[in-house]
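Paired with chain B in one complex and with chain C in the other, chain A is shared by the two complexes that follow.
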Partner chain A sequence: MRTSDEIVLDVRGLTTVFEVPNARIAAVDDVSLTVRRGETLAIVGESGSGKSVLAFSIMGLVSRPGRIVAGQILLSGRDLAALDEEALRTVRGRDLAIIFQEPSTSLNPLMTVGRQVAEAILEHEPETPYEAAMERVVERFRLVGIPAPELRVHEYPHQLSGGMRQRVMIAMALACGPALLLADEPTTALDVTVQAQVLNLIDNLKARFGMAVVLITHDLGIVADYANRVAVMYAGRKVEEGPTVTILTRPAHPYTQALLACRPDVLRALEGKPLLEIPGVVPPLDRLPAGCAFADRCSRVQDICWTRPPELTDMAPGHRAACFVAAMHIADSAAS
Partner chain B sequence: MIVGAQAPASAGTSLLLEVSDLVKHYITSSGTVRAVDGVSLTIGEGEVLGLVGESGCGKSTLGRTIMGLERADSGSVRLNGTDLIGLSRRRLRSHRRHVQMIFQDPFGSLNPRSNVQRLLTEPFEVHGIGTRAQRRQWATELLQRVGLRPEHGFRYPHEFSGGQRQRISIARAIALQPKLVVCDEAVSALDVSVQAQIVNLLRSLQREAGLAYLFISHDLGVVGHLADQIAVMYLGSIVEIGPKSSILRGPLHPYTKALFSAVPGLSATPRNAAEERKPALAGEPPSPLNPPSGCRFHTRCPFAVDRCRNDPPSLRAVAPRHKVACHLV
Partner chain C sequence: MAFRVTANPLLLAGTKLLSAVILLAALAGVLFPEDPFEMVGRPFLPPLSDGFLFGTDTLGRDIAAAVAHGARVSLAIGVITALISTFFGVVVGGVAGYYGGRIDMLLMRTTELFQTVPAFLLAIVVVAVLQPSIYTVISAIVIVSWAPLARLVRGEVVSLRSREFVQGCIALGMSDARILFRQILPNALPSIIVAASVAVATSILFESGLSFLGLGDPNVMSWGLMIGIGRSVIRTAWWIAGIPGIAVLITVLAINLFGDGLNEALNPRSAQRNSKG
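This part shows the complex of A and B:
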């Protein structure tokens, strides 16, 4: 299906901090995002970028010492950040669902997979008889490509392969037809041939159910194949955002550019050139510099970069980057 | 000395490692796991063989068996002509300094209670090489070779980032100037920006010191950047092996092709998400516990014919140094 104009998720100025002795760490720092019905937004970042904390914040799953200190999370117009735990519980699973990287840690090892998915349905639809819920589970299992679903519902998680467990998680996520699906590195633990199956499945189901999908990943290859738009995160902030083709072919932020250039790529391998390196490491969030967090690794760093964090600036319609150098470049070309 | 009419591994290099018909099975209560089931390969001096395959295909077991960390059931592993299988423990130890290993998780392979200098002098101590002062000097030199500073020697593994820890593992592995380093998913746990640093380090060390690598990875892009030859493994056997450019430009085995097309990619023009997807390979790798008869890939192969179900194909040359195990190629 085509992306519609209907905004499903509208995150505004979200800030999630972790308060530990002597430090207040902003794992997500003033991040805004929108996702429309039928759209896949990829959130890309390395470890420590804050991409998973962002997903947990949207789900209302951040627990002490972490908490949301600012911003709104509007799901179909309703602010999840303002809801209490009980109200959130009715929203979670019904209106928004999440798939994690490692399905085996999210499934109860002592309960058959069919019963687990049925209970997820009954949690939100207590009036539904158990048998009817189970019938829907079988139908959902068939939908996500689990062979012999009538038999598989009676199996325990350990009896299934990693790919099948992830399909069970997807079936559970879709049980109540959520408006928003958050997929946090859903295929990182899977083999590449199985990864393609699972990502294709999510993509097909998105179209079928008219969902909005937030796909959190470190893999730019996955972004290229499955995302409509991309947000790049670095050290808790969104540093660039735009349509997938723009981000992958004309990135404005030096971090995005470097991330693309250092990716081991089969075609580049045949040319025999060494990989581009980004020197250094992602800075620890409790020791961020005063200026741009990427400044000490950036090949285009200027004096201004050390003074304060750059703000997101329009590069083109729908394309924004938080970089002083890119902003100056745009201003220059607009002036000439 | 190389026995028989074995061709050198590649032009200009002499044969370093020759693995012939290697078998490693595990007997479990539910049956025999055929982890490595008759693998033959060669690596020349200073050459990199990339070994790719999905989890459970036996690639790590193959690496560990070559290292002598697992006892082979049959077959041979010749290093410079000496068969390491069946060597006594003492003789194996003296050969082992020529073969070293780097693992995926450097945290698990570095003793957390030893500082880095101690970690780097230890290989020399074990083999009784040098005086205390010399070992310390060598440790400092090793740190510099892998891009760390001398003062890092006084820190402990937990004080380093993942990439730096992998640099320490590499320094330890090259300390005794081995001929061959087995790298088992050595860069898989690292972030992309750090991964590139380690791939380039491995590449420059290989060129400077004439190291050979058996580079085991599930990541075709990484393998492509390091390997001279690529071998593709499926359920305990090599299904295709050949020079990097032949394998990457013209893969012939249906499994190799499927593996390549499944890699989500930037190689091709980025597609609009609404466009038609390439078909993913159906099913999952079968259990190595009871592998399928005939060609082990036949249960997932879109081209399988009757013969594939009964008759296991053997690796045969389709071009100089390019071998494929498929009846239909």
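This part shows the complex of A and C:
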């Protein structure tokens, strides 16, 4: 899909720490991102890599003991990190919205789904009459592919299937036409067959509303189909970023390479080969090594990797990775 | 909240008994049109005397009429105090549970202060200081009964606060008041209703106890006042205190059965337990 040049989200040097007794854990450490109108940026990483905290930081939903200590979150040029709670509340839901992973618990069990979406509209547009808000809900339900929307709005969450509930969540997120949509593993809890429907829907709506989408996932298959660009996170840091094709075919960072190698492959499984895994686990964020956080799991580790954290280096236009080995490799090939 | 009343014997018994008491209160003016304070017969007539089903009291007042009119007063006091206590409980508990932190700390320590003082003694002190009247009795009962409700509501709100749909509402930019009153509290309603219904029963007992000690409103014919009147003659004319006592017993029992039954009906966990056992 064609993306415009208009930058919707510009995150600069965002650092979110959790201050617990005897430790200060940087769950998001100096991360910068940009997302343009009509673009989908995928954020990929293992559990504990900080991708969800990043999304929550952007939404301003990090709660104690977590805190944004540095950086800017520019949404259409306005710094959300500098806003107070009251100002942030008017932005949330109207200019940026989030879809959570678990549609079964993300809806109030005692309120009809239509009413819940209408509440979201009425909160931001109190002058809208209830009937008009409800009409818009029906129209949004139709848009997200809920059959017989004028009947469905009167149903309760337990009467809907998981896929339908996730569509309701999407309708709720889109209720006020946000500029930025954050999708935090939106299909993890859904059947494989429904996953594609929901992701296609998000993709179509992105074009229709001219939104920017940040798609948080650990599924590289989804990345290949729906993302324009990919950012890979490891231990709270962005370790690689680039166009989807480049990241999937010529990843520079050993972690990205390992991640790609670990994808479950049906054919490999049929040949009786075991699934590959990355040895070890993500290091605890309060005991990060002095050097590269991935060093102890890396197959290409060098002495320099233990000394200091690597910085993001250009691999190709728009493609950057934080790896000493990859940087040396690029430098060598440029010299020869 | 679909449940079958008939499937729950506790709720059924409670509902029947309670309906009878409410019916008696509603029909008091029709059955006994004259003022229950009116002296209508010879004093100390035993129950089943001619024209006086429950006999007469020390001044010749009809006990049956007083019981019927007293049902109104006792139920009204019970319901009003339960409503006011629930209101304070919901506000204090809701705010404490929703905001947490220092506000929670402050409010919960305050409720503990009220809970550590023996409830009935505190009620006696309040009424004694403020002069007995229907309003001071109601205030005293509210003062001693809002705290447990606040703790209950706080617990519910704390657990609902962390649910994903509430997080979703915050992510949609909803205001705190809207989230608390439209999203969280409706989900806590079953527990609140059950606790409030039990609070009605306790309030009736409190009112009876206060009136028995002469701290009730002497101008309002409540069951407690009747028991108070009969207290000094309990060895020679047991019915003067005994019959309103039985009325209190039946009503409190009915409300407690109703509350317990409601709890079973509204609580899916206890429903499962019953069907297995």
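Some points to look at:
Here is the rule we go by: the second predicted complex is superposed on the first by the 325 of 336 C-alpha atoms of A that agree within 3 Å, B and C clash if a C-alpha of one lies under 4 Å from a C-alpha of the other, contacts with A are read in each partner's own complex, and residues count from 1 in each chain.
Rule of thumb we're sticking to: a residue touches a chain if its C-beta (ideal position, glycine included) is under 8 Å from a C-beta of that chain, and two chains touch if they have at least 3 such contacts.
What you are looking at is a predicted structure, and each value in this text was computed from that prediction instead of being measured.
With chain A as the common reference, the superposed partners chain B and chain C fit together side by side. Of the two partner chains placed by superposition, only chain B is touched by A:248; chain C is not. Legend: residue contacts after superposition of the two complexes on their common chain; A:102 is shown touching chain C, with no touch to chain B.
Seen from the CA centre of chain A, the centres of chain B and chain C span an angle of about 80°, rounded to a multiple of 10.
Comparing chain B with chain C, the partner in contact with more residues of chain A is B.
Of the two partner chains, neither chain B nor chain C is touched by A:158. Of the two partner chains placed by the overlay, neither chain B nor chain C lies in contact with A:287. By the touch criterion stated above, A:224 is placed in contact with chain B alone, chain C being left untouched. By the touch criterion defined above, A:94 lies against chain C but remains apart from chain B after alignment on the C-alpha atoms of chain A. The superposed three-chain arrangement places the nearest Cα atoms of chain B and chain C 13 Å from each other. Common to the chain B and chain C interfaces on chain A is no residue.
Residues 2, 40, 46-47, 161, 163-164, 191-197, 199-200, 203, 218-222, 224-228, 244-245, 248-249, 258-260, 262-270, 274-279, 281-282, 297 of chain A touch chain B in their complex. The part of chain B that touches chain A in the complex is made up of residues 54-55, 161, 163, 191-197, 199-200, 203, 218-222, 224-225, 244-245, 248-249, 258-260, 262-267, 270-274, 277-278, 280-282, 284-285. Against chain C, in their complex, chain A makes its touches with residues 59, 61, 64, 88-94, 97-98, 100, 102, 105-111, 119-120, 123-124, 169, 172-173, 175. Across the complex, chain A is touched by residues 101, 163-165, 167-175, 178, 182-183, 186-187 of chain C.
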